[in-house]
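What follows is one structure encoded as structure tokens, with my remarks underneath.
We just call them A, B, C and D in the order they show up, numbering each chain from 1.
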Amino acid sequence: AVPSLAQAQSTEPRVYNSNITLVEVRAAQKAWGDALVKISDDFQSGGLAKAKTTANAVLDAAYGYNLGPVLFKPTLTVAPQTFRTTKEGALAYFVGGDTNFPNDSGFALKGWKKVDIVNAAVHINGDVASTMGKVVLTDAKGQSTTVDKTWTFKKDDSGVVRIVLHHSSLPYTPN
Amino acid sequence: AVPSLAQAQSTEPRVYNSNITLVEVRAAQKAWGDALVKISDDFQSGGLAKAKTTANAVLDAAYGYNLGPVLFKPTLTVAPQTFRTTKEGALAYFVGGDTNFPNDSGFALKGWKKVDIVNAAVHINGDVASTMGKVVLTDAKGQSTTVDKTWTFKKDDSGVVRIVLHHSSLPYTPN
Amino acid sequence: AVPSLAQAQSTEPRVYNSNITLVEVRAAQKAWGDALVKISDDFQSGGLAKAKTTANAVLDAAYGYNLGPVLFKPTLTVAPQTFRTTKEGALAYFVGGDTNFPNDSGFALKGWKKVDIVNAAVHINGDVASTMGKVVLTDAKGQSTTVDKTWTFKKDDSGVVRIVLHHSSLPYTPN
Amino acid sequence: AVPSLAQAQSTEPRVYNSNITLVEVRAAQKAWGDALVKISDDFQSGGLAKAKTTANAVLDAAYGYNLGPVLFKPTLTVAPQTFRTTKEGALAYFVGGDTNFPNDSGFALKGWKKVDIVNAAVHINGDVASTMGKVVLTDAKGQSTTVDKTWTFKKDDSGVVRIVLHHSSLPYTPN
């Protein structure tokens, strides 16, 4: 068959679409939650080495450090290492064990079992989309931690959705 | 009712989406064809004055001259007035009667009755989308003219889809 | 003169550019700081009425509520009114005095004199750009408050840069 | 050295910018012209095999077929093979010698020596930019061919600028 003749006869155009969709955004949020739980599970079953391997894979697959800096303000970081714009800084935050980041105990190792996300609003603009809302993390003991979380996701040229911005903070508590 | 409390209780986020969709692109293409036929009909029923009023409204509603230059190479223009990056140049092309554009006889006045579009491909990228394909114009006598046509549509901040690029040419005819 | 003939002779194309630039982002950040100080000054000189008029104008000029929901997590809000996706919610946060938002005392009224911004990273993507970094607010008594702040700015069709996302939080303090 | 501490001390943010610029657009246009001349030169010095190798490399480097369909209406194609949305169709147009495209004699083999581009307008929108204008190709005998040409360039995740749309047509000649 001659592909180009087939194309000329077909009335269905070939379509290229680089835009990110609400469905993809929700899926990326869910994937983040599933990944956090998996790192916790892997820490339980295989210790730090297994958890670190998983966290490294999650960062490669779901964050955009391969594209450039990621704007990441994790929940529990403090100055002068508040922002983790490099993959190393993000890995240290999630699993600890990096002498360059002495304050990191490994957020993802804390026995997380469940992640619930309630978005207040979503802003979709081309191949990037941002969400803002409450995220509730529940651990093995049934204790919940709620954070205010903003994400910006970018769909790359291969169609992979990556986190390029992540600002997480504990809710304000007036004294 | 307190809107913000209602929002906090709702699990459905407010969504902003500036992206253009394939459905909107097809609708914009159809609207262009309908507008061309309408200008022809208005010329038949109300003469140049009526046709010009309609064409002016079409340019305001469906082209992006309000945003900046439009990249417009009409089918039948010749140097030195090949490109019509201003609204005046586009209006002259469609309805003629502008001494600044002496070669324009008014493309949209030629009794068009039907417009058929077959896209070869579509490229969607944020709030802009481009199409390329064959467009067949049929007049009142049943005669058809086929052109190779490229459009780029942009969805503006109000959600209105506007033509920001339009390159139309007669198919190449080897002698 | 005939504009199109002049265009054909000119080798300088007309250029449309909807992209936001680093220069515009820095200017928008500075404008936000200047606006916060102005609201404080207007409160000092003209009371709540004057401060509210200014804050309202700032929201109209510098935020994107005219485009749709703004993803705004102010520093000091608490559930169930954590997120201020409407202009009313933002205005109440900045100047208080709205019975629908009883916890808001008016953040912008606290005598701010100086705003310093240190960006850790910037992400520019089309007509939107995000920043993340430390923002230090200094009041009339010389006391400083540091926040971790993320902004997303969008340049609209008129070229006006507007805040469409704003997540601000006090730094984490381990007990 | 600890990179994150160094970052915290630096006041210069890390910047990610996916936007395409006018400078990059002009460079991509010039590169296209240089590539066309090179294919012609390589045909002269090394025959069809050499020209085809170069054309293949140009398509891989400068067109966006790796991303998806390219909207390409070459100057001299005819139905039913007017549009070359695949790399094979583009290669056949430039160097011929493909029995699937019997009408292609190889546009790039025609001894081109010089390419001059005069843009009427440019439309920049995120990571894509479109140009429209006159392109004059001069061959070894000093004969010139002028075409009306539209290009859309997209900057990919690696920062490489690729042609995703290319509509070229001979100027209209009224009989």
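Following the convention adopted for this analysis, contacts are C-beta pairs under 8 Å (C-beta built on N, C-alpha and C of every residue); 3 or more make two chains touch, one makes a residue touch a chain.
Predicted model only: the values in this text are computed from it and were never measured.
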Chain whose mean Cα position lies farthest from chain C: D
Length of the line joining the C-alpha centres of chain A and chain B, rounded to whole Å: 41
Whole-Å separation of chain centres (CA-atom averages), chain A against chain D: 36
Distance between chain centroids, defined by C-alpha means - chain B, chain D (Å): 26
Shared-contact residues (touching 2 or more other chains) in chain B: 7-8, 14-16, 68-69, 79, 82-83, 85, 120-123, 125-127, 131, 133, 164
Graph class of chain-chain contacts, one of line, ring, star, complete, other: complete
List of chain A residues in touch with chain C within their complex: 68-73, 75-79, 82-83, 85, 120-123, 125-128, 130-134, 148, 150, 152, 154, 164-165, 167, 169-174
Complex contact set, residues of chain C against chain D: 7-8, 11, 13-20, 22, 118-127, 131, 133
Parts of chain D lying in touch with chain A, wherever the complex brings them together: 2-5, 7-9, 14-16, 67-69, 79-86, 88-89, 100-101, 126, 156-157, 164
